[in-house]
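Both complexes shown next keep chain A, but they swap its partner, so chain B is in the first and chain C is in the second.
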Partner chain A sequence: MAKLALLLLFALPLLLSLTSLLPLPCNAFSVDRPTDRRLLVLVDDLAIRSSHSRFFSSLQARGYDLDLRHADDPGLALRRYGQYLYDGLILFSPSVQRFGGSLDLAAVLDFVDAGHDLILAADSSTSDLIREIATECGVDFDEASGLDPAAMVIDHTSYAVSETEGDHTLIASDDFIKSDVILGDKKIEAPVLFRGIGHSLNTANSLVLKVLPASPAAYSANPLMKLSSPPSLTGSAISLVSIVQARNNARILITGSLDMFSNRFLKSGVQKAGRSIKHKKSGNEQFVTEISKWVFHERGHLKAVNVRHHKVGETNEPSMYRINDDLEYSVEIYEWSGSSWEPYVADDVQVQFYMMSPYVLKTLATDHKGLYSTSFKVPDVYGVFQFKVEHQKLGYTSLSLSKQIPVRPFRHNEYERFITTAFPYYGASFSTMVAFFIFSIVYLYNK
Partner chain B sequence: MFRKALILTVADAFSNPEMIKGWRGQNTEDGFCGNQLLGMAKSNTSDAKVLIRSLRSAYAATPISLKIIDLYVVYAITTAVIQVVYMGIVGSFPFNSFLSGVLSCVGTAVLAVCLRIQVNKENKEFKDLPPERAFADFVLCNLVLHLVIMNFLG
Partner chain C sequence: MISPGSRRSAYQYVPPDDGTLYFDEKHVDGSEYKGPLTTTASVVRGVTAFAAVAGKLNIPGDKMLGLAKFFLSIGVPGSTKDLFNQIDALSCLESNRQVEVTTVFGSAAPPLTVNLVQASSYDKNTPVLENQELQFDTENNIHYLDILPLKIDVGKYTLEFEISLHDPENLNIYATGGRANALAFLTGTIKVDKAQIGVFDSDAESAATMQKLDLSQDNRISLAANHLQMMRLTFQLVTPLGHNFKPHQVFLKLRHESKVEHIFALESSARQFKIILDFLGLVEKFYYLSGRYEIELAIGDAAMENSFLRVLGYVDLDLPEPPEKASRPPPQPVDPYSRFGPKPEISHIFRSPEKRPPEELSFAFLALTLVPLVGFLIGLLRLGVNFKGFPSSSVPALFSILFHAGIAAVLLLYGLFWLKLDLFTTLKALGLLGVFLIFVGHRTLSHLASTSAKLKTN
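Then we have the complex of A and B:
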């Protein structure tokens, strides 16, 4: 007995130290709390820790647990024993040729395929590895900069005014995507500073979209060289910042400028060329904060609960409807605000009563407390139907609900009887019977 | 079956030799050659009159039992026609009722015509079949028909 107590005494500190090593499960991404918690930040120069400290500290202030590592750290791993160690990945390592540890292109793509989020920032020294990750996400960084490593986005009309004339690679852009869910309710007043490489969107990819397109006068070239041939990327085909929301609701942010997250750009004042207003502070801080909120699911994440349907005047959900029944359908939809589930308010949520094609398509009415409901008549067609809600809206996670429900025809005893219109037919049928009876008698006894 | 019945009715009329003689005599008297167009039309009307008259007189010779059957068939067809006209006016809504109403009349008429073929003495095809047996078949078929009609009436 004493030996056992002694053993426990030794084992207890060991056990405690082991549990402290394991990440706490309550911090993880979950359906109830969809915001990411643990982020892995990869840098190719540890100086970024101090040069981009404002961005990192704003993330930490919002409750994120940052793990900042050098990109070729040999101990890098996104998953261990089949469990992901992180909920989001920030790649601030444009020049890395190979990641350290078990991390590679496939591991990053698997991470996104598992529903996790990614921020990727490049600059003019972007390596093939980073380009490949971007290509897999539907974004092609300017190819020319591969041959000519110094190619950057140049814009002679919407550059940021500075003391020296400069080469107009520091772009001030304020042509943001018009979406409150992606960039927040508050309008970004000051232009955003950008210095880096441009990218184009893969036209075959319908999920990627420009958040910050370049102006029509922009082009991509080496600012130090004379242009000998027309630039491959010009005008609004160039995207400065793009986002992707994958079909599994994983969110990706891709930008060609690592500098736009830096303290220098966040603090700097800005005056756009051709305008008299000189902003004390650039729009970068608001822009990167708001868009990182979107990427890490602090906004625009929807959930649907309590899907209910029943006949008008009843409360129980039937296992089957009859043709021409009147029914009521309701669903509750909430949006995650970063800390709690708030009612989602929209006037374009629709329900389909679907069998191969929608027989009924109705817009749901909302009570502004999250409840959406409508009522309609089951069509005069029987078969196996589905209630479908397919809600896809810019910036919001896609909502896809379907619930199967059979619809049966009238039973034999449910048809209407003694229809007034049919009385002549009844009369005719009975009169032929009577006629048959009379005929038989007359025929047999006519001798 | 209908066709056969019609042929037999006409055959009844032709079995009267007097009628055929009269009809021939009329025709030869007028003659088709050397007459004016008006006279030709006149002769056609009178031909039709003669034909109808001779058919009527021939039909008068038909046995009374066959005449009862004919009356029964006429009644059934009239009822069916009335129902079709009614459906044309009010629409086809209780379509099953309409079908059973019309089909009961049509079925009755068909069965009655079949009975008529079988009990007609002139018809040599069924000379081995006793009329009692034919009537029993007719009754059985009618029972089945009306059972179906009742089920389908709605």
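Then we have the complex of A and C:
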């Protein structure tokens, strides 16, 4: 027995040191620091490492660990022992038919469902696998380009003027979504160059958004073939770059152009057809940098803390309200700036007092230091209510807070006590009582 | 072609379209994969070194060109290592005198002639130009051909160049690219002519009254039609040289108020573009949606400098009511800005308090209820009440006083109950008072009864 104990004593430090040697699980994607850290980049041609190096080095300069692998590398895995090894996935492998290792469509979707981020870039050689991933995200790449692999987005009115290319598939687009949180505070002056396939959004999916729609004159077709029937995708229905902000805060960027991220497009100048301004540098670099900041949660991530409510004039939170009580509700909301939590400033945070449907919906006033508050009167309907904050703003993670609170009716002695209308009744009964008293005396002692 | 060594096996990859050539490593161990650039560079370096030792190595010129094209097509690579590989390999090629029209590093080309062998229209494959010698601009080192006097129409052309060297001695030093193909667009302004639009009954096409359209100006037309009518749009596209032009994109778009779009590709008949929309046949496709449709015409081509998308005007369609089984129009995407905006505020409408008569009325009736009491008191005084029956002896008098005080206490308790007491306190107090009242009441009443009985018997 003693020997066994001795052995244990001896073995314990060894065991401890062994466990510390095991790889630590991924700890980057936490509630407190939502920015991603580890990214897996899958390419189908390792030349992309050098042809898209600017994009990769801008990511590395911002502190991301890039793991660049060939898409059919047999050692690919997104999770090990139930832990995700990466926070984000960049699919720069449009033509891959099957991923290597344990990665497949379901694994990618599970990865996103677990709240991780995805950048997917396609081109005219896009495989069915990549299409399926996009379809699951609510984006349908032009089907025609499946049958006819050369279908591209063509735009004869807003193409980029180029000396070497004239088929107008190099599109210069500057119709960005109006959102500072997605594309940064600084306006992107130069148009973004795009060459690739178009996609349309699934109208049933309310989470997917066009960041860069094609112009109304664009269409998706093979520039070398004559068009016999109208193309399936035309005009503003074509999206060049789309994003998804899922309910679990996973973010997805989908684009039909892998070239968009390439050094060549990042560096080249651009002149949009019909305009005299020639920009020295296309908007691509700013665009892909800013949007990757958004995708990897360097911006637009909200958190709500300190939800409080109490009666006006009190500080403690009651367990129940009475109808017609005046109450105050407050919540603190902060926005992740990439390094710290900053006060979130908006004028459209709303609270609902909700039972089956909202009874009260009020916009919260902010003190610009993160505190949002309002006061209102509890409706004269009793039941179990909820304080609900459903804040959904373009580009921001959605906030969904709810706190249950019962509302009771008046107690029997809380109603109005002396009603003027009833004074005649009071008067009648009391005068009767006085008369009775006098009458009893008179009746008994009168002779 | 060349295997760079026994340890690693390499394969070559020649994409058929642009003639680039490079070496790529096969996946042997995957741990140290350097990419095609590094591999190709090391192959080139090896071959150059081998050629330096062996004296002369006869490598076909197109292979050299392929390698050079590959290195140049990369542009400036990202990592410094790759850049070194690229420049090193290119200088190897350069020192071995492999040259295009300009050499790969841009050193001056020897005198040579560039012939435009053939320029043919892309669609028809009929040659437009043949065997034109390009002029050489010595200042800019550009070979050019003046196309203005050649009367070539706008369009898409395939150009085929052939390079021949002037000096036969150079043949051993320079490798030429053979025939080079290039796709060129000759752009110009296309005139839209004789545009007409009109609505007519389906049985009287000839009697149609057509409205003239001027597509260079922004004027809107407005038409009205029902499902028994047809709409016709015709126009001509003419190149600057007066030929008919068939652009890649000729779409007519009808957009309903609810954003449902219908696109028609226009076919070109002999001289003009023409589309006839028979609304009777299109009713189902239009989802039976009556109302205003916006007419948009998009004409565009790579060779057309004035591609446009223009709203022509409106047509008010009067379509029949949809049958029950008609398909519903597809849902239209929601505007993202409206989807996220703040919702309108809701404030609860409280139940209004019940209507009450004015206070004065209540007080008036209160006074009215007190009138009988006053009348009663006046009546008593008028009757001349007395208290002669009050017991004269002290003990019954005390009981009488206590009895009436008890009654007063009960009435007071009643008043207190109205003011503030609850039922339990009131009942408790009433129980005590009741017992007391029964006792004193019994004594008082029995005393009064006995005195009245005495009076009767007397």
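Brief remarks on what is shown
Basically, the second predicted complex is superposed on the first by the 388 of 447 C-alpha atoms of A that agree within 3 Å, B and C clash if a C-alpha of one lies under 4 Å from a C-alpha of the other, contacts with A are read in each partner's own complex, and residues count from 1 in each chain.
In this section, a residue touches a chain if its C-beta (ideal position, glycine included) is under 8 Å from a C-beta of that chain, and two chains touch if they have at least 3 such contacts.
None of the values given here were measured: they were computed from a predicted structure.
Once the two structures are superposed, chain B and chain C can be ranked by residues of chain A touched, with C on top. Once the two complexes are overlaid on the shared chain, A:S402 sits clear of chain B and of chain C alike. Within the superposed three-chain model, A:S102 lies out of touch with both chain B and chain C [touch as defined at top]. In the superposed model, A:S440 makes contact with both chain B and chain C. Touch criterion met: A:Y415 reaches chain B, while chain C stays clear of it. Looking at the shared chain after the overlay, A:N306 reaches neither chain B nor chain C.
Contact with chain C, but none with chain B, is seen for A:S229 once the two complexes are overlaid on the shared chain. When the two complexes are overlaid on their common chain A, residue A:P424 makes contact with chain B and with chain C alike. Comparing the two complexes, residues 419, 421-422, 424, 426, 428, 431-433, 435-436, 439-440, 442, 444, 446 of chain A contact chain B in one case and chain C in the other.
Interface residues of chain C, counted against chain A in their complex, comprise 27, 30, 33, 35-37, 74-79, 82, 122-123, 156, 183-185, 187, 248-249, 251, 253, 261, 263-265, 296, 298, 300-304, 307-309, 330-334, 336-337, 339-348, 350-351, 356-357, 359, 362-363, 365-370, 372-373, 376-377, 380, 385-390, 400, 404, 407-408, 411, 414-415, 418, 444, 448.
The part of chain A that touches chain B in the complex is made up of residues 415, 417, 419, 421-422, 424-426, 428-429, 431-433, 435-436, 439-440, 442-444, 446.
Listed in rising order, the residues of chain A touching chain C in the complex are 46-47, 49-54, 56-57, 70, 73-75, 154-157, 166-168, 177-178, 201, 203-204, 206, 209-210, 215-217, 219, 221, 223-224, 226-231, 234-235, 237, 263-264, 324, 348, 350, 352-353, 358-363, 376-377, 379-381, 392-394, 419-424, 426-428, 430-442, 444-447. Taken together, the chain B residues at the contact with chain A in this complex read 64-65, 68-69, 72, 75-76, 79-80, 82-83, 86, 90-91, 93-94, 97-98, 100-102, 104-105, 108, 112, 135, 139, 142, 146, 149-150, 153-154.
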